[in-house]
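Same chain, two partners: chain A is paired with chain B first, then with chain C.
Entry: the complex of A and B
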């Protein structure tokens, strides 16, 4: 079922797009680099490009307390629900305990923000489980640093883990790929000891937040070898990135053979980001999405980092166009936030001339080490088989059984004969009405006789 | 429930500390056992530090603002670098005080049931998927296959441009109208949407609050009570493309949210005062990470640790005033002037007066007497005239000095003061001598000077005298030294003059200069034959053709 190369699509790919207009009205605080407004800018750009003709646009329901406590602890979620800037003083100990207050400030509407972010990913996962769509997009999510009982790196609730837990209900194996410039430590920690989820992260490593994500971190217990980390350096370019991304991910898809893929498209690995030192362009970043789209696997695309809002909106709009397989022009259409995209008002950004500290030797060695770990994987892990209960009225669906049990003296029912295709080599009298061999009025039958006659004459000679 | 118990414990500990502080402040009069003093000393120090911090914050709003700035910049830096550990270290200290569980601060992936997710069992029954849970979303837009793209585009353009409805809302209206464009556009036209319109008064109020609070939208919301926080954020982003809010920023204003924090001293100072050194507890600017002990330290503590491998003792801490006192030194450009400071600051012994240069005719007593003369006495002495004698002057001076009053009491003199007096005394003495000397004038000498100057002036005037243009006889009254004897040179000159001038005796005398016209006439009478012969010879030479040719050649060459 899986194809390892790009093929022409035999059918239209159904893409679901999740957005809530309230997501852009939250504000982390003065001077904070995380701006939820970037998601609204992305949405306006997607609509004004006309991509809605190829999308199914949904507004997700906010996630409930029970939904979010499937991963996060009750104590932590109670704290997020209760605390707000007005009653800050009575939550000093909880703030220290849950790491809320510095990188992850308490702002008005924090709990509602977490509900919208997690609700989008949960709705996307549910839609993929029901197989109603092939690709689900939730740019409101991608908060991959949040831990079970701790906020981290501008992330409070880990919507990716909640979405993957939902996918695991009906999918044996789920692959999580992280192309944010920061290591996806929250998702990796959540699935560090399980073999049903493989986490792959391409990130900058070395004196950089969060500090985890070394090549030697490969999982623990049953999850050993199911955590893949690709540590990179500053200034990586599109060519360098794809030279390490495609070989590794091809190997991962080959050995792990996931039933669903979750792709975190953090845009802070682009050139010009406020925090990230990478040097990718939209084409290099979008090539990762195009890679997974070429596989016929259910795909969930979530947002993530990205601290230059105009470039984040450009990147996610371009990746939405890749998901729906529609070319978009480089000139930006006019929208409510057109002035934010100055001074050139173009879709694609240029790469800078920063030094690329990722030498080809280093990348080759990195690729060799990662693939060596992947080679040690047992091929396609599975879940313990369980007896499948018998379906009621199963005989109605089996056409061959009906044909075998039919009375030869009676004519077959029309729902059987409508599906029958007569074999050209069949010489016996069939059930088809009007099949009168003696008249030979069928041109097709006559042609066959002539060819058969020719063959017999040749044998005689 | 455990949290409340911790609060109670901290409150009790605070109550215990207060009386010990009071007793310590009272001083030595209070009788406290030595053991008690030793135990309470570190706690008192800690409380003192807290109080000092709170006092500094309360007195001036400036430090609170300064503290907020590094925290903001550090927030960004922490995100871009591995600042997680630096933030986590104070949490451990605070946790130790609270005695509660804290998150692990290692840079590792944690393993355990507390960190990993619980994965539910796989459900292989495909039909159960539809029954498990309902769709958690609401369909906004789904493009049907039979829709007309041109009509759709026209509908969207009319809805968004004419009726100012967002695109996704217009798509939703089209969906609920079963993709009937006519009924959808009718509903769009009829739709009386509740728009979030800001009045001019609200806009002005927002801009004024922005100047004061910046992007602190919670504070701005307190001024715009009827606006929700989300409405304020949305208005900010929509107006940001028109208004340049950076010009509004006034960083000098105090942020009230930070002042709220400073009003109530927090029991966990490390979590708030991020710039404090973990080792010595002092506030420092250049915080660096001590990799061995994994905590932020100031530069002094870090250098000490790198040199000795042991954390720097707290006894080596220096208060700011102490550091200033120890470090102050004389600037280089001022050292030159401070060379003789010690010598000049010594006490005067009167040796300066004895070392001074004494004039040949004067003695020490004379100088001392002169010192006490008022300045007006110089004029009187000047009027005395030439006939006054030194002894008479001395008598007069002594008589005047007797009339002066007693000396005024003074501070002890330094060498510097003494030298100043010596210089003043010498200057007064020279002025006196100048006045005395000025009264003696030698008239004869002056007359001779005048005569010399007059002669010099005349010579200067005669320098430009042209003897050829002015005959000598105009100045006949001048005395000229004439001699009766004729030298050989004079004879040859006179003969040549006769050749030139003929019988004009005045001109010839003027040219020779040393003979009078009469003498020239007498010479002519006595030597008339020789003069005539020389004249004829001269004329013959002039008529010679060879000479004429030579003269022509000279003219050609010229």
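Entry: the complex of A and C
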């Protein structure tokens, strides 16, 4: 295996950390839950815990227009570069086209903000490519909803996709793992048809933004089976989360054998988040970072969601300490934003007594289904191929081939349809989520679209 | 089989309205994945990042040496009337001091000679390099503006503090929230609802521009904008 398996002891890792002090001085607007200031709060905790001296600190060069158009369309990037709050009127049509205005407001310095976020992830990927460090951290990044020509879910440019494209120059296979409470749809969409990037997302699913991330979404074309979705319900705890995260990710590491890993550490999956309904603590969230640190594979860690700033800062500071393998005390050190962490001034947060709607049976079934898909993956070339045992071959028949190649406009023959099992809908019910601006505006937009008689774009494969 | 049965076979429940699909079109939606060729890996053309601190495996001083150096730096800061961390926190990492140490090849004496240290990770894009702290009149103007316009820092800059960058106002806001002055202000405005309900409509910004023309750049704007009222809860100025 490329990754040489997990290291049994904590090895020394060289860790690069990317930060630009401008990042905290951008503001999405009054009442908006996304606050870039949380990254400055994180940085001050990292400094005052004395973690800074164990890192290699860089101020990244801002991403250029050319850097960002390696994924994003020229037209979209030109719009982001040209539009500002003072000339809004002349961009009305484009704002609609590129989904800028409500959840993704046009704020002062937006293009610079995108340059910093994307620049950090590009720099981190480049540093890993040059084998100068083992782990590269960019808490300014992780904006996983942005699409090729569209802003979405508070994200304008997809720094993760840009970073992965950079990693792909030197690494045959890149694994992307997303532990944000929202599905990592922008990254999944970007790499939906390739087998060189596997995307794995653990997220809340069911009447929740962005509405993608069904268990059955597994990729298309060459990328079939290379998109993995783990749809979860409200109230998941550390124990439940790890009971499904570790077996699935162990299998992914074994079957996909990545040459590099990108971990999106969205902190909105923590208990107490303003938008997220999960019940994780820093320990459960950080365990995901610890899992990948135990493998001898280049690792890029990026930020993402997180709408209770004091907990975001706590989380990413803790995960920085995991990266450098330094234990930090629970008492928070004095720092420029110390008062924000009251009333207890502790690093770790408690879980709540919210109901965990993820039963052990549901998680077991989910794990079985995901692992069954992973088992279908062709072993990577570096792993010796084994012949399929004869008893397994006899179980195969041509029905699946007939179904795959059938004309979609004609009914399948009864001998095939009779054998089909209706989905039991285990993971598809969800309750209405309050206080999620993204859900509400999404639903409003969809309703408005349909009332205007708009036709939905057909999904083409 | 009857026609009714046929219809029944074809029936599928409508998809949930919240569900979305991943779109597939290599031109419109997918990334252009580079071909991998081990023999000819592409060199990155990116400019180098600014190194602020690095771990020198051969030359780096111990934690104890760094702690003593940082304590000495606190003494230097006190002697030059520079802001200092509270007592007992002197050995916390100091960006500028550590960068000076790195640039002095980890020679603590040489690093101290370079004091006062430049602010190496200064927010030079969002804050002017010559920007000073807010004086009393600016602080008062800022608080009055918050009351009137809410946290629309672009508008506050345009109408009340035009010589400040928006980033300076945002930075000041987060620092101000930690002061006794903020607590006094908050207690005086328990149900603070800005006169202006910020709105991202072009018409609203146009109206702001017109008011600016009428009142002059630094003029205090008494009038409220005729925005339709929203159902939004009054701001409580949480971070």
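Operating definition for what follows: the second predicted complex is superposed on the first by the 369 of 461 C-alpha atoms of A that agree within 3 Å, B and C clash if a C-alpha of one lies under 4 Å from a C-alpha of the other, contacts with A are read in each partner's own complex, and residues count from 1 in each chain.
The criterion applied here is as follows: a contact is a pair of C-beta atoms (placed from the backbone, for glycine too) under 8 Å apart; a residue touches a chain by one contact, two chains touch by 3 or more.
All values derive from a computational prediction rather than experimental measurement.
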| item | value |
| --- | --- |
| Chain C versus chain B on the shared chain A, clash or fit after superposition | clash |
| Partner chain(s) touched by A:96 [first = chain B, second = chain C, both, neither] | first |
| Touched partner set for A:33, first chain B, second chain C, both or neither | first |
| Touched partner set for A:361, first chain B, second chain C, both or neither | neither |
| Partner chain(s) touched by A:106 [first = chain B, second = chain C, both, neither] | second |
| Chain B versus chain C as contact partner of A:217, first or second or both or neither | both |
| Which superposed partner A:327 touches (first chain B, second chain C, both, neither) | neither |
| Chain B versus chain C as contact partner of A:153, first or second or both or neither | first |
| Chain B versus chain C as contact partner of A:275, first or second or both or neither | first |
| Contacts on chain A seen with chain B and repeated with chain C across the two complexes | 18-19, 21-22, 24-27, 29-31, 37, 40, 47-48, 50, 52-61, 70-71, 85, 89, 92, 101-102, 108-109, 122-123, 126, 129-130, 147-149, 161, 165, 168-172, 185, 188-194, 196-197, 207-208, 210-212, 217, 220-221, 227, 336-340 |
| Touching residues on chain C, where the partner in the complex is chain A | 9, 16-26, 28-34, 36, 41-42, 44, 46-55, 63, 66, 85-86, 88-89, 91-95, 98, 120-127, 150-154, 166-168, 170-171, 174-175, 178, 194, 198, 200, 202, 205-206, 209, 232, 235, 239 |
| Contact set on chain B toward chain A in their complex | 3, 6, 71-72, 75-76, 78-85, 87-88, 91, 94-95, 98, 100-103, 107-111, 114-120, 122-126, 129-130, 132-133, 135-143, 149, 152-153, 166-168, 171, 214-218, 229-231, 233-234, 237-238, 241-242, 264, 266-268, 271 |
| Complex interface listing, chain A residues touching chain B | 18-19, 21-22, 24-27, 29-33, 37, 40, 43, 47-48, 50, 52-61, 70-71, 85, 89, 92-94, 96-99, 101-103, 108-109, 119, 122-123, 126-127, 129-131, 147-150, 152-154, 161, 165, 168-172, 185, 188-194, 196-197, 207-212, 217, 220-221, 227, 275, 336-340, 383, 386, 388-389 |
| Interfacial residue positions of chain A with respect to chain C in the complex | 14, 18-22, 24-27, 29-31, 35, 37, 40, 47-48, 50-61, 67, 70-71, 85-86, 88-89, 92, 101-102, 105-109, 112, 122-123, 126, 129-130, 147-149, 161, 164-166, 168-172, 185, 188-194, 196-197, 206-208, 210-212, 214, 217, 220-221, 227, 309-310, 333-340, 411, 428, 430, 439, 442-443, 446, 457, 459-461 |
